[in-house]
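Heads up, the next two complexes both have chain A, just with different partners, chain B and then chain C.
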Partner chain A sequence: MQAEVASLENLSADLRLIRFKPLDKPQFPAASAGAHVVLALRAEQGTWRNPYSLTSRPGARHEYSIIVRRAGASRGGSAYIHDRLKKGQVVSLGGPNNLFWPATTARKHLMLAGGIGVTPFLSYLAAFAETGSAYELHLRCRGAEEAAFANLLFPWRHAHVHPTGRSSGFDAPKILSRQKLGTHLYLCGPDSFMAQMASAARSLGWPSSRIHQEFFGAPASGQPFRAVLARAGLTLHIGADQSLLDALEQAGIDAPCLCRGGACGQCKLPVLQGEPDHRDHFLTPQERARGDAIMTCVSRARSGELVLDI
Partner chain B sequence: MTIDFKPHETFRDDFVYSNSDAAILRFPFPFPEDAYRYVVNLEPHRRGGPTAAYDAVFDTDEHYIAECRDRAITLAADPRRCQVLPHMEVAAWDTLELIMESLAADYPVHFSLFRTGDEWTWVNRPLGVEQNFIFGRADTLPQKPFEYITRQIQGDFTLQDQRNGTLYLDGGMVTCQADWSLDFDLGMSFMEWHGPVPGAHEAGVFDRALAFLLRLQHGAPVRRTNWTFTVNPRLDTSPENYPYWGPDRTTLTPENIGAKLHLRVELQTLFRLPRSNAILFGIRCYLISLQDLARVFKWAKRLHRVLRDLDPAVAEYKGLARYRSLAVDWLAQFDNGEKLLVGTAPDQQCLSK
Partner chain C sequence: MQQGIKSRPIYSRLRVDPAGSRHLAVSDQCPFPRAAFETPLDDLEFWVVSSKSVEGNAVFPEATGLLAALEARLLRETAGLRLYAVGTESFIWDAANTARRVGMAEDEVFLAQAGSLHRRIYCTHCKTMIENVNTNLTPCLGCGATLFVRDHFSRRLAAFMGIQADAEEPGILPPLQTLYP
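Then we have the complex of A and B:
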């Protein structure tokens, strides 16, 4: 769907809040807590398509908002949003879809976020306020972003910001061990943060069915490789900072996809030859070992060439 | 589109029910091939299909008013046919919105929805309803939102919550079911409520269907058909009321089977709901007597072949073992053995008398 940039607001040097209004329809579809949209931006180098959590209130239909953090070097979508995106500009939004929603049966919701990973929880908090659900949120972030995040979380009584490098009370084992039975844990942030928190929870006896993770962040870069598309009769060269999915789309191939983060399984393609470098969270260890399928949004090649059945 | 309703039809006791020629030709016949087997027969629920039954998001036809009345009778005797667990409240409102928006868009002559912010007015002309309410506020409706709206639509509905990597049946309005019980299945997981289906688990059908449904996206609903047979045009063939309809199965004879035995088809639809992220499952039931169905030449021949060659375990599970050979014998008179086109469309424009 088409949307217009209604406003841009810098929350800090690296955090930007973008509001959209609907363009080709009177209203956006209602979205659930934790939903994301895929923002497509066209520039000379090609089209960037990145998923962003909606930070607007769930169910809101006249406005969507997202918060984008300027990423270090990587793929350029976030730099474009920070440096070039203008008010009034028309963009294309895919979705909304949701791969990370709160458990309806939870007695309490405990959210642990690393930095910009807090974004899906902004819509959680609004949903919990409406249903009166018990919640607790802890956000770990850089000192430079403390004020911006503290502002965002100001309305929520049980949301706490903990800047790194200061002894601030962010003691994950302590937080995790004082929760009552029936609490669900949600993690969102850098992979290392989520791995650390999940392992802390598991070692305290949290069942895996109570631990939920959002896989977040841009596809990792790596060595360039070739992809031979057996049915299309094409050979693509995938650059170091480009995903296989991006390359397929730029070649005009109608490749399936949804989350663009290796979580949903939609973009799975059969591999006929070559060794995939699996970086997704979807395939089982057995499926990885078979090496006959690849998630094109995040995974790459160990061999210099992959032959794909598309 | 204006529908000519038949408000005096009944689905119990005296069974005043028939399909008009137009209703016969729009019937969602379920067999694309001469042999039946379990497959994951899900396809996108887009407008348009082999018959006009696929033209709307929620198909509404000449039986609408009578079916809503039959539902009310069933609910009055057994309120547990509509149950929604407390955590499905948001999904209930999602359902109300989807049904109201769809009926008003597909049948503007019969239904209208006016909205100013959260203040809504719902107009249902066939049932004579005009209701002002506040979206999200259950105390502004005469019943809870899920019950309110599903009393005004044909077909059963269930609500599935997604958690622990599966779906749970956590709510529903079930009054025209093919021998299953909401009260019994409520709270079960996907594999639990499909437990009794023979042969399909071994074929991996449910593993694949579940994997697919867990990834169902908002705005991209899917559909499939399912089928069985029912003696007499009875909507409520529930386990709870088995004593009322079970004995009907012993009443078939070669003389009455054409009028009494009905092919029962469910046009099933699945929607990911926007606010709750739950899945709404619609089970729209269609009934057609063998003698009406036989007026479509292709369908009579194909149904004869499907029934004749059906796996006995499937016949047993669907409850038709007792009268299957009677039905096959009756249908044989229409089947000259000619090759039939693949697909379920009637392949004829009108019916001869």
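Then we have the complex of A and C:
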């Protein structure tokens, strides 16, 4: 669907809040807490498609908002949003989809966020306020972004911001060990942050069904490689900072995808030849070892060439 | 008689979950049916139902008292606890439902059947529960209907469904059999 940039607001040097209003329809579809949209931006270098959590109130239909952090090593999408996106500009939005919803049976919701990973929780907090659900949120962030995040979380009594590099009372094992049975844990942030938190929770006996993780983040770059599309009869050259999915889309191939973060499994394609470099969170270790499938949104190639059944 | 019910719970021998940090095992029997486990039972806390006191266990005179204490305990507990319920099918599902009410997930609660196969019957006509049924037919203590005991088990109600046995031809009943010792 088409949307117009209604406003742009810099929350800090690297955080930008963007509000959209619907353009080709009177209203946006109602999104649930934790939902994301895929923002497509066209520039001369190509099209970027990046998933962003909606930070607008769940169910809001006249406005969607997202917060974008300028990525250090960016494929270009976040730099474009920070430097070139203008008020009134028309963009296309895919979705909304939700792969990270809060558990309705939880007695309490514990959210641990690393930096910009707080975005899905902004919609959670609004939903919990409506249902009166018990919650607790801890955000670990850089000192430079403390003020911006503290402002965003100001309305929520049980949300705490802990800047790194200062003794700030962020003690994950302590927070995790005092939670009552029936509490669900949600993690969103850099992979290393989530891995650390999930491992702290598991070592305290948290069962996997009560640990939820949102895998987002731009696909990491790597060596360039070739993808031979067996059915389409095409050979694509995937650049170091380009994802296989981006390359497929730019070649006009109707490739499946949904989360664009290696989590949902929608973009899986059969591999006929070559060795994939698996970077997803979806395939089992056995499936990885077989090497006959690849998640195009994040994974790359160990061999110089992959032959794909598409 | 095979009734072709495919949804009945199937139980296997229990293992103490190594991912848990504390373990509570409850039973409506005494002594605790340790054979339900295939792993060693070190560091487990045992709760049983008995009229006599038993060393090393928390003893409750009635299953209802145990379940009430269980709910109070679970409400105070923190993440890391695993619950094991061993005993009659109605008791273990009562315990599972108590755990579910406090928000425990399926991978924190483990069930195994032990002891009597007597059934708790739910009258589908008047919603009365009839305890300790061991025959294929039972009178309903609520509406008086003669109920046929089905293999259809409700996990939510922790009971088997009982339906009027002579609904088609009043007074015509199958022969009475003892099926659930």
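Keep in mind that, in the parts below, the second predicted complex is superposed on the first by the 310 of 310 C-alpha atoms of A that agree within 3 Å, B and C clash if a C-alpha of one lies under 4 Å from a C-alpha of the other, contacts with A are read in each partner's own complex, and residues count from 1 in each chain.
Criterion: contacts are C-beta pairs under 8 Å (C-beta built on N, C-alpha and C of every residue); 3 or more make two chains touch, one makes a residue touch a chain.
These figures come from a predicted structure and were not determined experimentally.
Visitor: Pick one for A:Pro285: touches chain B only (first), chain C only (second), both, or neither.
Guide: Neither partner.
Visitor: Quick one: is A:Arg107 in contact with chain B, with chain C, with both, or with neither? Answer first, second, both or neither.
Guide: second
Visitor: Taking the superposition as given, does A:Gly205 touch the first partner, chain B, the second, chain C, both, or neither?
Guide: Touch partner of A:Gly205: chain C, not chain B.
Visitor: Does the superposition put A:Gly233 against chain B (first), chain C (second), both, or neither?
Guide: Neither partner.
Visitor: Once chain A of both complexes is superposed, is A:Arg178 in touch with chain B (first), chain C (second), both, or neither?
Guide: So A:Arg178 only meets chain C here.
Visitor: Show which residues of chain A both chain B and chain C reach, each in its own complex.
Guide: In chain A, residues 105, 209 are touched by chain B and also by chain C.
Visitor: Where on chain C does chain A make contact in their complex?
Guide: 19-22, 74-82, 100, 102-108
Visitor: Which residues of chain A touch chain C once you look at their complex with the stated criterion?
Guide: 105-107, 176-183, 201-202, 204-210
Visitor: For the complex, which residues does chain B have touching chain A?
Guide: Counting only chain B, the residues touching chain A are 87-90, 94, 97, 161-164, 170, 211, 215, 217-219, 273-278.
Visitor: Please name which positions on chain A make contact with chain B in the complex.
Guide: Result: residues 29-32, 34-35, 58-59, 95-98, 101, 103-105, 131, 209, 258, 264-266 of chain A touch chain B.
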